[in-house]
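In the two complexes that follow, chain A is the common piece, with chain B as its partner first and chain C second.
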Partner chain A sequence: MIWQPLAVAFFGGIAVWFGVAVFRTRSMVRSALSLLASMAAIGGMFLAMEAEFLGVLQLMMMATEMAIMAVFMVMYMMDPGGLGQMDMSHQKRSSLAAGALGGLAALGVALLVDWGPIAPAAPTAGEQTRALGIEMMTRSLMIFETAAVTILVAMIAAVAVAIGRRR
Partner chain B sequence: MTTLLIALVVGAVLFAVGLYGALSQTNLVMIMMGVELMLGAAMVNLVAFWRFLHPGAFSGQFFVLVVMTVMAIEADVGFGLGTGRFRAKGSVEMEEAAELKG
Partner chain C sequence: MTTVALTLVLLVGAYLVAVLEGWTATGRFRPAAPLVAGLALFGRESLVPRRADRILFETAPVLLLVSAVLAAAVLPLAPDLVVVDLATGALFVNAAWAYVMVALVMAGWGPNGAYAMVAGWRFLGQLVAYAMLIVMPIATVGMRAESLAMTAIVRSQESWWNAATQPLGFVLFLLAAMAVAFLPPFDLPTAPGELAEGVAGEYTGVRLAVFRLARLVLVVTLAAAVAVFYLGGWLGPGLPPWVWSAVKTLAVAAAMLGAGRFVPRIRTEHLLEWTWKLGIPLALMNILWVALTLWLGDR
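== the complex of A and B ==
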């Protein structure tokens, strides 16, 4: 499958390009749209790696989440379009050093570890979706339920925090 | 092996960019974007490990669903805090939020 490494590299390059663009622009809306493109490219990588269900889920979920993020950007910022060229960053050098260090550590692990034999083929999309459903409803049911309750609690807590104190 | 390595390298670079963003930005929503990129990098690695090392073990795919849930919770709590902060102080600039240190 010659197309697979090419497709993963192509979508990976787009994900990295737009990931960098998120922090290079002064426009909040452009940042949100760049993150959307980066997350969509990650969805493309999932599809290229034959994880069809997760790829489609990533594309749908991230499109929604980034649209909400862009709306909040416009709500919170006086200058969401970045027309005033206001700089909203600090401690750039130490952040750059931390990012480079984290990236190099991850790269080192990726390149130096012997990952063992590579699986030649993945199950078909239909088999994957079925097996993931069975995994979710049997062995990982407790984790699934815990995640569901956690997200419910987080939603209630977020609304409580956002409403603020009543006098 | 090549495709696994490409995916892992992309994951490492995305993680580095996200870490830089989370540490260098002063706006709450931009910090959240950095965290989202880091979680995206984790998902890329998880899918690559599932596909190329253990395609029969669907706990790998399930782990990706858990990370997606974490992303949703992070956005939910972050926007809740941001809205509370904006209502109280009129800004989500974290440099002006030193009192949150406790």
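== the complex of A and C ==
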């Protein structure tokens, strides 16, 4: 099974490449679509790791999410096409620091957490779907509901700001 | 072998849908017209607009075709005629159709044209309208089959088709499928007569040929998906399974193309109002209805 790690590395490389591309362009639409490509590559990583449901879900959700994000970026940015050569970045130092800290924290979690014994083989795709469904409806129910309501509130707030004051 | 067969099926299906579309649009039956028009496109110059976002402009038609073909890869035309029978097939078709919107947003933004851009963002609004009406009826189909595998969904309809047990879901899914393929009255992103073909307006020559082919393949996959989810897929007496799939798919395609010709194009805000204020409550009622019938059926 040399192909599996190779495929994971391949999609991982694509994800990182497009992740960098998000910040290398001045066009808001290109930036959002690069993020989509990065997220879709992570979906590919899931598929390469035999997590079929998660992979397909990632591919589906990210397409719509990133497109909607593109709308908001075009709505709020002064130069959405990037044709005016306007620098839209700010607080570069603090964002660099936050990025580095976040990366270190993720690495720490990955290395320090006890992940338990490694399963000899992935369960079949059908079993995974069932296990995920049960997890979603029991232990993780509150987490998902809270996240969903938070996102909904943020969306309503963003739309309210965009509409502005009405008579 | 299956892949070759599927490619042929898609090409023949796209041709038949093109003939059907011409027939419903103009009232004239011209079987050679799609071939002639397709060949003519290959002979024409393929222009790139000034200051276009070249990457998005070039990617869009190809991505549209890829998303339609990927959706087709999980649709079973017969018990053994399916490229990949994924355990999450019903979710996978959704994932593939989601990139239709991405392709159209790219095609809208890429060419640096006002009409195209309006059309591209319009289709994003259209996605907000139809997305739930695609997902929720598929959920109930999966509930009855107790699986997201396409072959299991077809087999769950051996006694009754889903169209009979969940008529509400069937109607909602059919309408949403028409919106995915931007068929009239949901042809907001192309809007002939108003946006001058919109997202496709700046494409010419070979690129336009790819775009049109992709749209036809998309109609075929959506019609086939309606047949698989609601009309028993390959199930039927007498004839070989693939013939039943073909007949049902063409019938659904004809219904989708024909029905839209009798209603005016719907406006974006009206579409969103109808889908969110009426469509989604109906889809939720459908989920409740299916859950109740399944629960009572088990007892």
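In this text, the second predicted complex is superposed on the first by the 107 of 167 C-alpha atoms of A that agree within 3 Å, B and C clash if a C-alpha of one lies under 4 Å from a C-alpha of the other, contacts with A are read in each partner's own complex, and residues count from 1 in each chain.
Going forward, a residue touches a chain if its C-beta (ideal position, glycine included) is under 8 Å from a C-beta of that chain, and two chains touch if they have at least 3 such contacts.
Given the structure is predicted, the values throughout are model-derived calculations rather than measurements.
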Contacts of A:56 with chain B and chain C, given as first, second, both or neither: second
Chain B versus chain C as contact partner of A:151, first or second or both or neither: first
Which of chain B and chain C A:124 touches, first, second, both or neither: second
Chain B versus chain C as contact partner of A:67, first or second or both or neither: second
Partner contacting more residues of chain A (chain B vs chain C): B
Contacts of A:29 with chain B and chain C, given as first, second, both or neither: second
Contacts on chain A seen with chain B and repeated with chain C across the two complexes: 53, 57, 68
Contacting residues of chain A [partner chain B, same complex]: 4-5, 8-9, 12-13, 15-16, 19-20, 22-23, 28, 31-32, 35, 38-39, 42, 45-46, 49-51, 53-54, 57-58, 61, 65, 68-69, 72-73, 75-77, 88-92, 94-96, 98-100, 102-104, 106-107, 110-111, 115-116, 118-119, 121-123, 128, 131-132, 134-136, 139-140, 143-144, 147, 150-151, 154-155, 157-164
Of all residues in chain B, those that touch chain A in their complex: 1-21, 23-30, 32-34, 36-37, 40-41, 43-44, 47-48, 50-56, 58-59, 61-62, 64-66, 68-69, 71-73, 75-77, 79-84, 86-88, 91-93, 95
Complex contacts: residues of chain C adjacent to chain A: 51, 53, 55-56, 86-88, 91-92, 94-95, 98-99, 101-102, 105-106, 109, 121, 124, 127-128, 131, 147-149
Touching residues (chain side chain A, partner chain C) in the complex: 27, 29-30, 33, 36, 52-53, 56-57, 59-60, 63-64, 66-68, 70-71, 81, 83, 124-126, 129
